[in-house]
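Inspection log for the structure reproduced underneath, given as structure tokens.
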Amino acid sequence: MSAFFANLLFTYQSLIYGLGINAILGLSMYVVLAIGQLSLGQAAFMGVGAYASSLLSVKLGLSFPVVLVAAAGVPAMLALLVSVPTLRLSGVYLAIATIGLGEVLRLFYVNWDYAGGALGLSGIPDRGGFFTIFGTLALLLAAAFAVGRSRIGRAMEAIREDEQAAGVMGIDVPRYKLAALVISAAIAGIAGAYNAHVTAFIAPGDYAFDNAVTILSYALLGGIGSPLGPVFGAFLLTALPELLRPLHDYRLVLNGLIIVSVVIFMPRGLFSWHMRRIGAAK
Amino acid sequence: MLGQQLLNGVVLGAVYALFALGFTLIFGVLGVINLTYGFYFSAGAFLALYFTQGLGISMMLALLLAGIVTGGIAVILDGLLLTPLRRAKAPELASLMVTLGATLFLYSLMSAYFGTDIRRLPPKVFTNVGFNWLGLHIETSQLLILVTMVVIVSGLGWLTQRTRMGLAIRALAENGTAAQLAGINAGAVTRIVSFLSGGIGGLAGVLIGMNYNAIEPYMGEQMMLKGFAVVIMGGLGNIRGALVAGLMLGVLETLTAGYIGSSLKDAVGFGLAVLTLWVRPVGLFGRATIKRA
Amino acid sequence: MTDALLEINHLGVRFGAVQALSDVSFRVEAGTIHGLIGPNGAGKTTAFNVISGLARQTSGQIRLAGVTLDQLPSYRRTRLGLARTFQNIRIFREMSVLENVLTGAHVQTGGSALDILLRLPRFRAAEREGVARARDILQLVGLESRAESGAGDLAYGDMRRLEIARALASNPKLLMLDEPAAGMNPSETQALRDLLLVLKKRGVTLLLVEHDMQFVMQLCEEITVLNFGALIAQGSPQEVRRDPQVIEAYLGTKTAHKLEQKS
């Protein structure tokens, strides 16, 4: 059995890792969407996590847990910088402020010789792997459910539905928004670190606009009625193009089409099940 | 040297201003962030290429035609993507997401069809001729950019301030529900505004394509990033702000490239936009009417 | 005089060129039901929005139980004991009825983020307690049988009652109701009147905007009348009913004149 498992893992390694990493990215998107905000910087945050962690691994040889702290912390700081001024503004400001982030960071990486410049960074040690990635995914899912079924989850849903009314409930809306963005950036950063350490190579162009939109499509396709939606969405959109080669070439066309049709025809996504937001038995 | 830098900066800024003008017009009147706007820019450039190279039409006529066709595309896309959302009274961010998906779809389809190689206008179609004046050098395409910008801005000013249609547009921008109650045909105004902004976006694409003589599918995406910076700096939906901030960004980018380093040029806009959000979120000329939480 | 729960002093609100409220002062005494009335566009909802922190005044002060509210965001005002409903019902439609009430109890509900993540007994106990309290409130407004329904599926009158329940969940000192009886049938209105009297008995002070004059006159001890953003009358229902300015504002000069002749 375990030989079979090892064999499977070897053959489909990159697909299986991709499923887990993209599911984590889907969850990072979920955290923002669940509060009615839209960040288009998830790919950029992932990239910051990837670069921060890879540099620490390659240049300083730090241990993986330490590296992961930076992979979460650095993007979180960046999220603070970009999002604090938009908290009191309408949601479109955050979306446009984050949309340019990926491009600016790409320029930054390209010009940063220490980080490999335009060629990127290679020789990143092989760390993490199957159990780390899927263990993290499971932990994050459990946390998302625990939080969703508490006063915090109810406050987030209230903000998503009606910010003003949520404020009248005594909910500190800007603080919630800030926390959601920072946590989502940290999660994306961790996904970036995992990705960098299983692929051994990163380049400035890996975290561009297209990737940000793809991450959004995971969450929209799955729906945000529960944290499972974005995870299933990520599984589906990662596995399908790998299994059907013709889909692979038109992956971006398909992702774009999915976003358009889901928003117009299926605003609740494929998995429209709503989680109960109460943390105790009936 | 500085004079030449400033002139080039103003020309570049004129394109930014023109591009941002159409974008901010959509937001100001229709209240949506329409991300397909960047696609009109790419589409305009490709259409001009096709008109001149494929059909042998003159460059000036191609410029005009490209603007008209991209305006038409904008009307169709708005009808397909945003009208259903308006009808369903979908939340503000839904329109942003739907146009984001459409943008990804359109760009990737376009690059699948045309490839991502840079295309050029053949010399028989258009050649830049330089003029020298007071020690400054200006090219035909640069002149054309400045002239187009002046024509469009004054035309738009006349339309919105002096015509009945302009009154309807301003009424819709001010208060959608009240305008409709007062008998304004919101659908018609929406189509006109889409057409105008799509046309402006397309024209800007042709002009840039001509100026750098480089046309590729993703040129609109790059431009969109500048457009965002400009509208944040000028205040979302603020036309005067877009014009001033556009010119400012063009000049600052050129000076940065000239005196600091060309690699930093493209980061100027984003830096200024974030700075604006921190210091003065309503933009240079914004009124304090932003939605509060 | 000293136990006024809400004090409004010289409140003025301007939106651009429109003076929505000018120099409005009134006091709501603790333990009373206070009416705020006036024709359409008189500025009642603006006053509500400014008091609850959704809009800002351009001049004047607001004090709740002696605390100045002027610059506080709405969530801080809620924590000081203010709750409100909206004229155009703004319940959370994608949550259940019970979840709506629990959201209203946000400030009351305990449990730190760590308690929640680890699902500690402390957190579960707080949730159970919250649910029990929410069910009590639902029973009070007569919605206990709909606790598990989706809030968006409720009938109109039930949505209004849910909004009151949600506001009550924050344990307010002052409950502000914006047209609670709008769209209700006579028996629902009667039930609402009974509910408000029960709330008053429990010590909740009520500030009420309402168009149903009979409803207001029967319930309120004190009434403040606005017209075109200015205060035109104040007093007991009897006083207000006889005030010529009020009659004029409501009925127009001609009818007012006729009424005067009749009486």
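Going in written order, the chains are labelled A, B and C, and every chain counts its residues from 1.
One rule holds in what follows: contacts are C-beta pairs under 8 Å (C-beta built on N, C-alpha and C of every residue); 3 or more make two chains touch, one makes a residue touch a chain.
Worth saying up front: this structure is predicted, and the values here are computed from it rather than measured.
Using the mean of the Cα atoms as each chain's centre, the chain most removed from chain C is B. Of all chains shown, A has the CA centroid lying nearest to the centroid of every protein CA atom.
Rounded to a whole number, the gap between the C-alpha centres of chain A and chain C is 41 angstrom. Work out the mean CA point of chain B and of chain C, and you get 47 Å between them.
Annotation: 31 Å between the Cα-based centres of chain A and chain B. Residue positions of chain A touching 2 or more other chains, listed in rising order: 164, 167, 173. Counting partner chains per residue, chain C has residues 73 touching two or more of them. Residue positions of chain B touching 2 or more other chains, listed in rising order: 293. Put simply, chain A touches chain C in their complex at residues 143, 146-147, 150-152, 154-155, 157-158, 161-162, 164-173, 274, 276-280. Residue ranges of chain C in contact with chain A, taken from their complex: 52-54, 73-75, 78-79, 83-84, 86, 90-96, 98-99, 102-104, 106-107, 109, 111, 113, 116-119, 123-124, 127-128, 130-131, 166, 170.
Those residues of chain B whose C-beta lies close enough to touch chain A in the complex are 33, 81, 84-85, 90-94, 96-98, 100-109, 112, 221-222, 225, 228-229, 231-232, 236, 263-264, 266-267, 269-271, 273-274, 277-278, 281, 290-293.
Per the touch definition, chain A reaches chain B in the complex via residues 36-38, 40, 81-82, 84-93, 95-97, 99-101, 103-104, 107-108, 110-111, 163-164, 167, 173-174, 177, 209-210, 213, 216-217, 220, 249-250, 252-253, 255-260, 262-264, 267.
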